[in-house]
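The structure appears below as structure tokens.
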């Protein structure tokens, strides 16, 4: 069950340029959430900005009753968010949406994340490991600093292969290039992917070519987050007659359902 | 004095032109889906009424995205009336609401008088509908929609056509995008409206300066939220003395103080739209807040303060 | 490419239907007094234009207080055109602006065609006025004001009457409180308008629930500020393709990104009103921001992007 | 010259129920301000609340280059103001308005303040003392806690006579009652008064009866604060034909100019 909660903030700090980690107590939420779902976060008590902001569950630890969000400051809402003080409250709604489909038995899984696309993959990695899957992650970002989340994966025993645009960590280039050259690609059962659309398009293509089952996570601007306003509409394939709602039918979709034609 | 206030019996029920509401707080069409979407957050059967997403005779897939954009203390939407059609609504979505004993108000939009009449006739046969809100003001449907709501003559005709097909209470929803809202309201009353719903969204737009084009694929969208509250209040205040039918007021209501402003301007009941997105429990909180206010002020029935701010 | 952008010569000057502006940023009538009030905060002679407080033929003491109230991302005002009359304006306030070499646009409001004509004739004789903005849309004057601005026929007549008395550029300021802004704009053009000023405030109100009465003594007031920006943009976008005269756009502009939205919607220049209250330096900052944008984008003249967002 | 300034916040703390003291660095402002003037303070970087809030100069110390505001939380703007952190910036406009008229030579002066009406009187007291005047203050509030500012007057060597509604400090009752019974009233040359209108009306009456020169400070809702919008209009006397602007013609007026008929 989704709920409206005010969680006490346990920690809130900048972890990389423009990127913040926000950890708060929300036991019911942490228990009920599944990877790939998101929260609608209120960024200000006033009416400007008015709407909540969708932020993925970076981590949800049922035992500790703690939820962590990882967010990048891009506009007014996220910039106000940085001002929330430790011990203060954060007003969230969720968990929302259809998350990633977990395998029924252990599999060989590759996570592929670009930029803030790494955010929903940590919680996913945790659950996959819990289910006994073998999990590796390829993570791309502008530079080494912005790959801060890499450590968190390593701590879960998920090997992290970095790619950076400036070459400051790992291979230089794009994460999809690393994937294309990935030696074990043919042994991979599943790919879960999140990041810029151009990157997800490239990853989907590779998965299709290698016949690998895959899921990806989409974004659209949202008002309600619960499927009521029909604002976050998206045509999954160019010829479709109906629009899916990212907040309710997604944000996660099977790669085979989606034809990405919107470039970032 | 104090003790007298405590003893007062608060009657929150409202008769909105024949629509029996448990309390004066409805949720606005298009902002609450078909109710089920919000069931995790509040007891939807405790709401005054659920006005469901606008329906059309045939299914509609709506406008291409982007459909929404945030603005200062408001938002623009151009959903384009995406809906499964009135029959699917009645068969697939209505039963849930009926089972929950929700006061359901259908919201219908047509491209022609015949569309409206046909939907009214169809809904007449569905049990569990308390009233019909006529969306004659949706700015997102290119054909028909806007015209109906901005021309007094057409407003009268569409209300009359619908009334001829149904015994359900009929409540046209007025567009604020007009020079003379009183003329429109009077025309609706003359056409036989049982109540008025005021206001729908203001027509607006936003521009993406990076792409040098409108943000919304539909170019224009409807402005809702706190930004429009002053305009909504003004129109209700103007219409209240000019008609003899009750008004469902809305436009930017976020809390019970806002709701009380609308009531004092002349609204017999109120609707919460965009507010649901910001706080999915606000409709319930607003009803509680109105009740608290009545107790504190010793007001037994809301009728005592409907239009109380009107200066004569 | 990059180096080409650096070399570009930026021309910020705008010819607004015969009003020569140094840059596209004017300050809106009634929000900047007679200029002197803001001299501590910015170099008023560097502004594109100062549109002075609305003047009437005879002095007016204005409405009783309260005259203003804050709303969500906006404010309501019902000043009621307090002003010393057109003669005192010309004799007491204009000389300061002329000395500062400010591009002055007078803003006049009348109760009748004759009032407007008389003021136009009087101003024709005053040197130092670059143009006349016709306030045919002030919602705070009970008699006359609103009617002029909401009836296309009257709009045409008042523009014609003023044009007959003056050789100065004449720019009617359109009311957004109308069903069909394009009809009004066309009427103004037919009457001989040299430019259009869009938009004036939306008519709104607020209610004091404690006192159970309107907050403003005048009951209704004009809504301005960021709240109304989407409505202003929409109207300019609608009018731009329908007329051949330039538009001075305004309504909720707070920064240069807002200004660029207006320009891409079809405004040749823009005005800042309520923004001055929030940041008294914002008009200067907006001009600088537009200039920075032009340099960064390699735009030599603003004309290149006026109406750039219009979808044809 | 008035100016737009962003002052670094040196201290910001709650000093009494709902009452905060905000101290910031603003050398030019501190130098140029005179008592009774006010600042227009931005309470939020967003557009809601939109308008600046008028707040008096509680103190302005030219030597230290420091300005202090004392404000009560009454609504959204003042409540957002409390969140400004030390070392952060406060965005102010000023000094604005026509302040108190200082005597040309030392005089016997009585300050009378009610509630937040004490705020503009401290800076005034400082300047009066500097000019050699003999200054005393009668201060009224709901209770002893809300008379926190009393200490600040005592520190300037201004004797502070408290009155509280609940009797928790000084005499119980209203400050105007204390004034009416003030033994030295006939030796007083000037009264400066600020507080609720009913209180100022009572004080004006007493001053008039005893033929004492007096000034008081009025409030109106404001938009511009500089005389441009004509929003803060006020009829000083019932029969007046024109409205003064509190922000520019005031906020301080001579008691003889004003007939108070608006009760709080």
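Order as written gives the chain letters A, B, C and D; numbering starts at 1 within each chain.
As a working rule, a contact is a pair of C-beta atoms (placed from the backbone, for glycine too) under 8 Å apart; a residue touches a chain by one contact, two chains touch by 3 or more.
In this text the structure is predicted, and so the values were computed from the model without any measurement.
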item: Contact-richer chain pair [A-C vs A-B]; value: A-B
item: Centre-to-centre distance between chain C and chain A (centres being mean Cα positions), rounded to whole Å; value: 47
item: Separation of chain A from chain D, taking each centre as the mean of its C-alpha atoms, in whole Å; value: 53
item: Computed distance of Cα centres, chain B from chain A, in Å; value: 36
item: For chain C, residues that touch 2 or more chains besides their own; value: 72-74, 225-226
item: Per-residue overlap in chain D, given as positions that touch at least 2 other chains; value: 47-49
item: Category of the chain touch graph - line, ring, star, complete, other; value: complete
item: Footprint of chain B on chain D - complex, ascending; value: 47-48
item: Chain B-facing residues of chain C, complex; value: 71-74, 76, 150, 177-180, 202-209, 212-214, 219-221, 223, 225-231, 233-234, 237, 252, 257, 260-261, 264-265, 305, 308-309, 311
item: Chain D to chain A touching residues, read off their complex; value: 44, 46-49, 76, 80, 83
item: Touching residues on chain D, where the partner in the complex is chain C; value: 1-4, 42, 47-52, 93, 220-235, 241-243, 248
item: Of all residues in chain C, those that touch chain A in their complex; value: 72-73, 226
